[in-house]
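Given below, in the form of structure tokens, are the structures.
Look at the two complexes coming up: chain A is in both, with chain B in one and chain C in the other.
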Partner chain A sequence: MAIDTRQAIDTRQAMDTRHKVLLFGAAAAVRLLLFTVFPALPDLLAGRVDVSTPVTSFKRLQEGVFLYTHNVSPYDGGVYHQAPLLLPLFSLLPNPAHAPLATNVFYTAVDLASAHALAQVADSGFASVTPWFASPRRHLRWSSAAIAAGFLFNPFTIATCLARSTSALTNLAILTAMAKASQGASFTFILAAAFAAYMAMHPILLFPPLTILLYHARTRNSKTTPSVSPFVISHTLGFCTAIAALLTGSAFLTRSWDFLSATYGVRLLLPDLTPNVGLWWYFFIEMFDSFRDFFLAVFWLHAASYMPGLTIRLHKQPLFVACTLTGVFAIFTPYPSIADAALYLSLVPMFRHLFPLMRYTFLASASILYTSFLGPAFYHLWIYAGSGNANFFYAITLVWSLGLSVILGDSLYAALRDELDVERPELRDKEVRRI
Partner chain B sequence: MALFTSILALRHDKRILRLPPYLSALCVIIGIGWLLVLPLDEYSRRTYISENAILPGQVHTYFGGSEHNVFRAYRHEVHGLIDKGVAERSERLSAIFHEQNLKVATQHYNYTVSNRTIANENVYAILQGPRADATEAIVLIGAWKNMADEVNNSGVALVLTLARYFKRWSLWSKDIIFLIPGDSTIGPQAWVDAYHDGHDERYVESLKIKSGALQAAVAVDYPAGPWGHRYDKLHVVYDGINGQLPNLDLFNTAVHISSSQMGVGSVIQRMWDHKDTYKDRLQTMLRGMLSQGLGHATGPHSSFIPYHVDAITLVTVGNGYHDEITLGKTLESLFRSLNNLLEHLHQSFFFYLLLQHKRFVSIGTYLPSAMLIAINFSITAMALWVKSGRSPEPIANPASTQPKNPAFKTPAEKQKDAKTAEEEDEKKEKKDAPPRPTTLIEKNGSQSIHPTASTQISERTLLTPLLLLLTAHTIGLLPLYTFNNWHAPALPALYITTANLTTLLPLIISFLLFWNFPTILTPHTLCLLQSFSLLLLGMFLAALATLNFSLSVIVGSVCVPLSFVRRTRHVGLTAAQMLGLALLNPCMVVQMGTKLLGVSLAQVLVQGAVGWHVWGLWTQVVVWLVWFPAWLVGAVVVASGMWE
Partner chain C sequence: MLSSLFFLLVNAWLVGAAASADYHERLLLRPLPQDTLLASFNFRSNESAAAFEQQNFGYFPRSFGQILQHAHAKELHLRFSVGRWDAENWGQRPWSGGREGGTGVELWAWLEADTEDEAFARWLKLTNALSGLFCASINFIDATKTIRPVMAFAPEGQHSNASRLHLLHGTLPHEVVCTENLTPFLKLLPCKGKAGISSLLSGHKLFDASFQTMAIDVRPTCEEGSATCALEMEQTVDMVLDLARAKRPKDDPIPRPLPIDQLECDTSKPYNAHDSCYPLNKGTQPAWTLEEVFGRPLKGACPLTGQTGDEADNLCINIPPERTVEVKTSGEVSESRLVADTLRCYKLPTGADVDLVLPEQKMATDLVRPKPGVFAARSINGHGQERGSIQAVISNPSTTEAVEIVYLESLPWFMKPYLHTLRARLDTTAESPIKETYYSPAVDRKRGTHLELRLRIPPASTLTLTYDFDKAILRYTEYPPDANRGFDVAPAVIRVLSPQARDHRGIYVRTTSLLLPLPTPDFSMPYNVIILTSTVMALGFGNIFNLLVRRFVAVDEVPITAAGGIKGRVLDKAYRLKALVLGG
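Showing the complex of A and B:
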């Protein structure tokens, strides 16, 4: 059966190649056109709280690059909270204030590479068929070109690209890690996963489900099951080594270990309460300082606790676990932005076979649509018109998170139901009832 | 939980699909009815001052006496400048301010809109408050020309007199800026843009001197000539650009001072003779909503409000017994109150509808009406979405039987029957030929047979309708760009062309698509297209209701038929719907609106272009990118029924 699917995939790939070239060309054209026709747009978006957060903002990155190129520690000003390795990379590019073209082309290329990785994940077919599980609805799927198009033409992705937020790079690393895991390429998977964790910290939680995915891919490719313990131990060790190497390299680059507290410390302890689309900032504005540490621990514990539970329960569908975790990141991490939602919403279409089982798709997508217009309106009332207040914007971020969590919960229900249909075929098409 | 599951079970009830049109209609009716009850005493409130620091009318005013002579002298001085050029006028006004020991500067502005050049000069002077540290300022404006294009002779003279008078007081704890803009709407915009460094230096000169953050601005419009004019009432104008309003405290302070302290009546929204009846209140509210919805500048104050500077204009109206000294005292008292402010005006309402000068409705009371109108579109969108998922096959009523026994018919009918008997037999055969597939459904141990069509969910193809919708919204960019950049004299001709073209456009589009790509405009696609279009419309209007309530209500009301039009094969019905939609074409509505209000269309178009380039007006964006695409999609959906 595995061979069958792969042959089908091969023919489909051949058909898709021409589509993909067209698609990537169109996506690049749209981005470069927007960069050129509206030169003020990137800076406008870079200042929007829903697109750029303190840990991904391009403006802060430029500040860091300026300090770095003038031989001052980039973390001295207390503005820059991003990974040190980004600095040499961006100091190579010409100053975007005078010559923005190189930066624009770079970010466009990042988006295209992400879309390519996403298409590879979709092509692998692991969304509906793994060596231990095959969905009864696996014939329902969209082509990888369509899924890549969903990522490339998603307005959230385009806004992230135009704002030149560094979450585009994190998304690229996550998608590459997924692609490499689904191809069974151990070394590149470890590298990409380590990069993702190095840049944004919370993607470290994706390592266990993606390792399972890698294990599935290896099983499928070699048709023998590698023994589990050496596999896990070697990959975990490799991952730790890669991260250690990245951290040591960073320390060598900035000549101190200060960056740890300025990057991961900020993500963990939330000292910067700039509003964003997430749920944390308002809570921690309102909170008394004596409770702060306790609630930080609770919030982080909550966000992290999804990983073990989902990985254990859905270990037969590791790609679905990874996808759902990106959704959890988009809702429950301290500094989420629309870039995280864009990543999650572009991964969901891979699970086309679950759509017939989902119940609230229209409701959830309508609420996300509504909030993406009401959010900026209420932020305008709060900050610019002065006639609203913080509660306006926070109310909308609540609805936004609700919309995302409805999609998350609904798809989780659909995945469980899908498994149930295989385990207990006689229950198919029966109504669920809570007992 | 039981309730929840029973609600979920309701989804399978067929009757629930017939409900949405009635629900939509109910929303619209309640939404509009809601507006109509607002003027009643039970739903509106009397105004009150929220901010403790203002203390309106608590000070004794000293303006008068010999100041009257100074005023008369300035009035003649200003009158002498009417026929002079801009440069000479600025020079003379600067000289007067300079004589009063104030810092003076001028600002030149030069806009090109619709291929016309608008150039003029602002003169302004800064009084440094003796107890101020130059961090806060309040502005007194006397525009050289008022909204009716008359020279604001006495208004400018009053500003000059008050500058001289205020300079001698030691109690100012804020700087006071005296601004004499070249005209009523463009000059103040250029000045306030430059004050906040938001100007384009190609058109507007930067300001040479500045003071602190602006706290409030008051404009005075008193166009009486050199021999004076006694007025009856003060008309308080408060609408800002894009329908933003000043804090209600500022308005209340002005009304309180003029009516309670000075004994001058105040009116709003050109309701010169307000009898405080239901009808008058409603009319005031509707006029206010229209003005807010259009979002245009209504006086020199309008430009200040987008910068979060609360501002109003006081206009003298009618023939009465109040003179310039009363107006001067009103302004003095108002400035003394503003001088008391400890922080920016924030206590009172920013969203309100005024029914008369001392009655208002706050946002919590009136917002539901706009939201209900917006929600009506969302309900229809959801209904159409559900409908698009159902099988296109018609579902026969399983309980109905066809009459087979012709015994009860009259002889005439029998004759007719005989003629058509053969045809009918044929039809019957056709109908009966493929027996409808049925499904056996088992539930709780009981079984029933349903037509398969009623239980299946058909696949939805989303790409085509989404692309069509995107195209409809992109088409709107074309008129938006053209109307804002076309030559002023040719604008009316362009408008007529657009009106005709847009009326025919749905027919043309549906015709071309139908004949060239018959696979695109399937009933399924059209259903989804209409669903998405209404969903977007509902969403835009809901977001707009929080920014500009009135515009949302106005656009929502004229779009209401869009949630009730459907594609039908019935030619008469299609024609009637097309006719109705043609009348609701945005172009037609705007044209009829100008006829009703008695303004010239050309003037509206030119002001629209000025608004776009100078004031930052957003109304045309709503018209061309929200209203027009929604109308176009609705009309295309209906028109496609013509080509069946």
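Showing the complex of A and C:
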């Protein structure tokens, strides 16, 4: 009997591995095929405002690398706002204008690595079961291969990969941090989380929930509970050390600290108002000059305020908190793109057990769908055809943000309802009220 | 070939005059093809450096001299320009382009300062003072419009302490040059437009010209081998007038068709009806007089000019020897013919009106206009308000000599060029023409782009320079009232390094300015945007906050005060009132 079970598990694992190899091969083939069959597509996508933002654009990265290799500081200018460590990395790759293959393979590999990390997170099962919480609907789940496929064949992910936006690297760092936290690997988790924060700044907010996730993973792996204070202090110190090391290395590399204001300063102060799918750009175009600083502070406080509340209320489900925070980033940060939305929408299927409790799935998915078609059309009307004005595109970004925040709120409701079913099983499937 | 040699001689003769007296002025007239006339006014005054330091200005205008002293400007060049020089038809530019400016206002100066910050502070002083003096918006030349060129400009004067000098350059391509700039310009002259050739300058004609540029140049000059230095101030006005347009009477400036009986038709062509007319190309030079073209009489010579030597000839006209010129005056005019009779110069009488009358004449020979050393054109490619590319086409017409040029671009910060897309292609060879690059990228709202390239163009070759740029979207308060007209981009300045210039002015070519359309927001609805965005954020935040702070209970457990409906609200009010009364 036991042997049979083991055999069954073995065959299932073998099947899974075969599935994964097939899946990753297909995803890589799709990407490389698109790169080679439509050679103009990457540059077209790299120029789209919904795919590339001023802080992730590949064209700006190329300019930065060009200036860096010609001994002009890329941070002494208004074009390059990305992390300094990308400069030596991309100066090693051959010039994508003449030999794009290396860059294409690199970005394909980044996507595959992200999908692998996502599959690891899904495999860990922390989405529905943690040492302090087990969802009554935990049997409802999709296989990790299906979740990875949802990431790899998401059109938003493919567009990000083809546009060679550096948010693909940020997403990889975030997913790796989640995967390592769910496996209980402290060192690699700290490294990945620090790299994500170094690349895009706002992922620093993911550190507290992911540290809790790491704590849960440690508890589950060792069957003993590590004491909290030394655990938190050592990991926070490690995280700060890693970030300090990355920043010092960057300063050493560029021989000045100018990059701080050119990268994080730009994200904080929003001098570049290029349109994107977020809420900030049009608001700060139209904002009165005397209130600009006040509203910048308010918007940043607002974006950061979700982390403490969610972490405290849902400390038993840290993975859900981290996932919801990526959704917050996709809506409320200054330079969001569809890459951020792709990350969030790929993490949501891990919480398959919450789907029966969600109420507005049709509304949210319909609004996301229709904005992804109307957004480019309205942008064209404004910028190229001249038959619409900025309000057209602005209205679509509003609906897009609204759609994402409906998913966010709805999944949060479902998660809380799910917790209630554990606390008070007698209320299951009954109508409840919030007071 | 012979004629172009004459031309060079004309230039050399005009330039090489020694600084024997303190003030000189000269007007050179030269008919150009398509019935246009180039009028080059040149006014020059000298003052010894020692006297200048002691506030003893002589012919040097006091208001201007004090500005220079206040800002520690050792050499200064200021240009006001409108229109385009049509190099294909008109040939080489006046003064080889050395006294020309880009469309709008262009200013560059060498300032004495110990540090770059001090130099910039003095530059701001200078621009503000000049702005007041010339009634122009020169004070809008701020850090975003100022660059520090490294190769494109060389000092014209001899400077003793060159290491402490800082060159700053600023342009205002949007500035509309008009009469209010001419009046202070004329006030700087010793005769102030009351007498001498400056009495011809009127705003009506100057700003109606197809091309006009006003220049002020101040430079220190030192005699070879002696320690005495002087400060030279040169004011030039170059204008190209359309003769037919300029001759329209002041009281009836609207062009009207001639009566049918006055039309001269080409009768050699076949006609079907009597109401049509092929205009007759008579192949003649049109008739004109000075007073007709400039709209006012030439009021003799300025009495302050030197009365002896070559410099005493104030009015010169560069025409073929066979052309008839009649001088009408009540005073005494002496004529001298120079450079194989192609240049006629007149010494004007003081206090008597002078007029030149040229009748309509059929010419057998014509002057050959020398070709410019370099042709340049620049344009914006692409459509839409998101991005575009710049294309500059520079050609070397010489079949024997290569030219070496410096190409200078000063771009506004909201135009973001990508240097990695810069391509320079020659149509004759695959060799890269770029010999040297200087690039200082723009910083949003702080600094504009500054690009300088040293290029070498082989004989009979055309260079095409392209690069991509992005158009930034601005805050709504940063747009001008006519936001959809677009923003002006300053012309590119091209300095020819070799073949070398024959005088201190150098050889320059400037392209036309460009119009850059930027994406515009809706200017009418800041409140709506603030309200709508805040609503979406409030919906997101409110929903999540509500979920986080509230507690779930079953429907039947809801306390009556928290229940909705009229009953609940009434009961709630009653409870509160009771609490208030009891508490009070």
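Keep in mind that, in the parts below, the second predicted complex is superposed on the first by the 418 of 435 C-alpha atoms of A that agree within 3 Å, B and C clash if a C-alpha of one lies under 4 Å from a C-alpha of the other, contacts with A are read in each partner's own complex, and residues count from 1 in each chain.
Here, a residue touches a chain if its C-beta (ideal position, glycine included) is under 8 Å from a C-beta of that chain, and two chains touch if they have at least 3 such contacts.
It should be emphasised that the depicted structure is a prediction, and the values quoted were computed from it without experimental measurement.
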item: Touching partner for A:G409 - first (chain B), second (chain C), both, neither; value: second
item: Contacts of A:P356 with chain B and chain C, given as first, second, both or neither; value: first
item: First, second, both or neither for A:P275, with chain B first and chain C second; value: second
item: Contacts of A:L369 with chain B and chain C, given as first, second, both or neither; value: first
item: Which of chain B and chain C A:Y306 touches, first, second, both or neither; value: second
item: Partner chain(s) touched by A:L381 [first = chain B, second = chain C, both, neither]; value: first
item: If touched residues of chain A are counted for chain B and for chain C, the larger one; value: C
item: Chain B and chain C footprints on chain A, overlapping residues; value: 384, 433-434
item: Residues of chain C that touch chain A when the two form their complex; value: 383-387, 413, 416, 418-420, 439-445, 470, 472-477, 519-522, 525-526, 529-530, 532-533, 536-537, 539-541, 543-548, 550-555, 558-559, 562
item: Residues of chain A that touch chain B when the two form their complex; value: 356, 362, 366, 369-370, 373-374, 377-378, 380-381, 384-388, 392, 433-434
item: Chain A residues within the chain C interface of the complex; value: 47, 49, 59, 62-63, 65-67, 72, 76-79, 97, 271-275, 279, 281-289, 302, 305-306, 309-310, 313, 331-332, 382-384, 389-391, 394, 398, 401-402, 405, 408-409, 412-413, 416-417, 420, 427, 430-435
item: Chain A-facing residues of chain B, complex; value: 1, 5, 244, 306, 308, 344, 346, 350-351, 378, 381-382, 385, 457, 535-536, 539-540, 542-544, 546-547
